[in-house]
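Below you'll find a set of structures to go through.
First chain A sits with chain B, and in the next complex the same chain sits with chain C.
Then we have the complex of A and B:
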């Protein structure tokens, strides 16, 4: 009988509790609230907390990531959260509602920090983002990061720069006090969102090889070198089709795809995961922020000679109602003219362009291709010369 | 001195009149309201109406298209319009306003018919579309055409099917009366939008070869076989990268690109127009309607063995506010698994998917590629499994 050992989701116990039964009907033994202490790959046995031992023929590791904590005194206090899984979200939701929360400090200005500032500010709660650097989402060009910062400010989200956190203490006016190099600030909730790393403790103790990013090494079938052991999702590596290197980009769509590949191979079929190109996006208030491929830095590290251009265009024909400003940056290789990466920011149309360019990266298209690409044109949805054309032709002239 | 001979745009004369002067400053002699009677390619001379003759070294034909008229009595009456150029739009606008128009009949249910029904109904004017067939926009799958029809009906646009027009007469209650096989109907304006064909009269009389679509034959540099003569835009052919055939798809973005290619070659540079994949779209009320590549019929005519699937998915994650139903149809080749065409219809996201798939057609991607394509995922902008993935994997299983 196949086993599935899942996370604790206390707050939705009633809902989730039905899942194991449902699965059991189909011959799958789903265990929730169950901790795996150790895996013995030689004996092919899983040791659970509490002493039970389960045998396996095939083992799939989908252990995900764990949030990075700064390691400061008081970070374990009630009201200090990280956000990794559904149960975290449910606990935060309950805290926001029941405390009730008047003010939230978010430490970190990456995806989670941006998305949560949108959600929490949207509930009418005073929100501040404390950031180590000077601009949010530093994967993007500083010009685009400034656009994101302006969007935060437009929605009255505070943004504090150059912060080093030192301690969390009990607050006076609010529940908690965050001590930093910049002074002391109080809030009813603190969300720590300074990054994540692959959760590979069990894999490491099993002796599975990890990549330089700390994720579990797999092949294109999601198999680890250990016979009968697969790894999928945020804890595993993926092949990056542009850098030709194995990377760890923990995103839900990649995890979904790798899970399907492993499942098909385990079920007797045959599937390969052809890799990723690094597409990613988030929305913060009314702004779409998206990217694919390599940054200039990553491109140079991979041995390319990157050139880039950044333009501002229109999401649809400039004369039409509903048009939004759209920023697009392209990175290409000087030697081959191939596209290496793209970033986009705008009130609409940013993700759309990035998806088209993700397909271009997948296919190793050059700037010459992109300058003439046959995109669907109609004034209410696009310009005759799309920002993709304009940026590609402009960058082509630089080579 | 380079010449540019343009159309009459009477209604915006004051605006346009400045253009020739502006161009003259840069050394270009722009003639508007000027008719070319004949071109003598041996003598390299252009004969204008009125007797003037202009010599040329290089000639560019950008004669566009002319609307097809049904050839019925009364079609020349005041209040009967076709829509091809800016001056047509300005005349229609003036008519709608000054008559004033209480009711409009649109004959034809293609792009122009759909876009104009949106515009005219949007002005609060009673609008009816009279169509030869039973469903609008017959390039799309009947299921999608039905979605377009439902959108017309939702906005109280009448849709009359199986119509043969016979005459336009003077009306009693309204200005005009349209006589058809279905009876007699009156309106203050009739728009005839039953199609267009390339305007190639001058080219034909010059002895330039025309393709089987009636458009001027050109090479990848936009040169005709006649030394020093180029042709660009709606009057010229384009290479279709999927069917590997020369076609005539009259669209503004293609015309723009071909013009730039010709200009660069004339100016001493070097450019090739790498062809099209047939991307096209329009918006009708709140619906995006888009397509790229070949229909099943066109694919079969081009020697492929088409298979297809049509799915309904979500424009963004199904759980998010703002999600719209999105229909996507894929056509692929059974022998190679390559994508051959795509169609999409939805309240949002249709054009975005078609542009990504246009890039896939450009690159000759297979369904295996599309099933795992790395698209940007975030619930407010997309599902982890995009409709592109779902449709591609579904169609792959059919092969």
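Then we have the complex of A and C:
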């Protein structure tokens, strides 16, 4: 959706994988603009707003997430947005164009904050990111977060740290005024992107157990403990193959897979969702930022004895023009030498390294395996000693 | 009549369930309920 707002994707229809009409053609009844009021698991009935009741043999909850709001006066004002639904994207795009916006403040420095600062700045609009902490994207090491910050600054995106938002008021020079602990700033649009949480209100009222992250507990076939009830996607937990714990990582690729597994089981087949390793990425201007597995802290919390190394290697042959440094951090277990996690930042190739390392996590490779892995090499596209080899061999020597 | 399946939410997860379940067993009676105006949206 950020790329639709930034006009990289021109037509909103391109965002819709399958229309209600397409579903109806296959015999699936789709009710849009319809809210579920209550679910009665004993009577196996779903009560819709408006009074209609749907009986079920099998129920699936795919209720997604809801954005976290700071709960400050004025946050409901026109021109203050969150980005969750397609309707939000449509409204934001119209607001940017029609007001027209001269300046935008983004509150929050996670994935959405970074992607949105990229696309809004790309429209030529003055853009500032207001962040509670000191560096963006705290999932990554400070050294990599600093690289992200430098990329924002290189593209004239303002980054304001240590911000607590207090209120949104009507502005004088611009449409809105944001009051914070650091003073007052005006802008024509404010985007709140401070996080999301699983939408599990219906599940909770049905008495379904929720995990420590507030997501619906499921097993490997996406079944909840309630007979005949499944849960999939951002509202449900996933098994983390590295930490061996149940987690909630709300990403669309995971939702697709869990949905397919549940669908196969509901249709009489047999499928399991084998879990995740925590792979994620985003792009901000010319920088790819990616991670997989556990951070050192998460590894220690999961009972491992983590060791780590961070290197800057060549994404293509060092002698070739256009070579850009690629930052790679590896985390491994001192006891077994197995990889536990990785982070990468670079002009290009960061995501491909992380995908390779995601396979390593999936199949529990050690640093010795990774140090000699047969990766494709040719000077214009790869380096003979890939950053993966360099980092793995360096970390192996520390154990 | 086939089994009654109700899916609450037509995002990536719910829409994938509907498509796959119907492919597996065309006799299923599937209703997908979505509180927004759009279904199956790429984030």
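One rule holds for everything that comes next: the second predicted complex is superposed on the first by the 376 of 399 C-alpha atoms of A that agree within 3 Å, B and C clash if a C-alpha of one lies under 4 Å from a C-alpha of the other, contacts with A are read in each partner's own complex, and residues count from 1 in each chain.
Please note the rule applied: a contact is a pair of C-beta atoms (placed from the backbone, for glycine too) under 8 Å apart; a residue touches a chain by one contact, two chains touch by 3 or more.
These numbers were taken from a predicted model, which means no experiment stands behind them.
Asks: Quick check for you: in the superposed arrangement, does A:193 touch first (chain B), second (chain C), both or neither?
Replies: Touch partners of A:193: none, neither chain B nor chain C.
Asks: Would you check which partner chain A:26 touches, where first means chain B only, second means chain C only, and both and neither mean what they say?
Replies: In the superposition, A:26 touches chain C alone.
Asks: Looking at the overlay, does A:252 come into contact with chain B only (first), chain C only (second), both, or neither?
Replies: both
Asks: Does chain B (first) or chain C (second) touch A:57, or do both, or does neither?
Replies: The answer is second: A:57 touches chain C but not chain B.
Asks: On the A-aligned overlay, A:116 touches which partner chain: chain B = first, chain C = second, or both, or neither?
Replies: neither
Asks: Identify the partner contact of A:278: answer first if only chain B is touched, second if only chain C is, both if each is, neither if none is.
Replies: Once the two structures are laid over each other on A, A:278 reaches chain B alone.
Asks: Does chain B (first) or chain C (second) touch A:365, or do both, or does neither?
Replies: It touches chain B, and chain C stays clear.
Asks: Touch test for A:351: chain B only (first), chain C only (second), both, or neither?
Replies: first
Asks: List the residues of chain A that touch chain B in one complex and chain C in the other.
Replies: Shared contact residues on chain A (touching chain B in one complex, chain C in the other): 252, 256-257.
Asks: Can you check the complex and tell me which residues of chain B touch chain A?
Replies: It comes out as residues 241, 251-254, 256-257, 273-283, 288, 290-292, 351-352, 354-360, 362-363, 365, 368-369, 372-378, 380-382, 384-385.
Asks: Would you pull the chain C residues touching chain A in the complex into a rising list?
Replies: It is residues 3-26, 28-43 of chain C that touch chain A.
Asks: Where on chain A is chain C touching in the complex?
Replies: 1, 15-20, 23, 26-36, 39, 46, 48, 54-64, 85-87, 202, 230, 232-236, 252, 255-260, 262-264, 266-269
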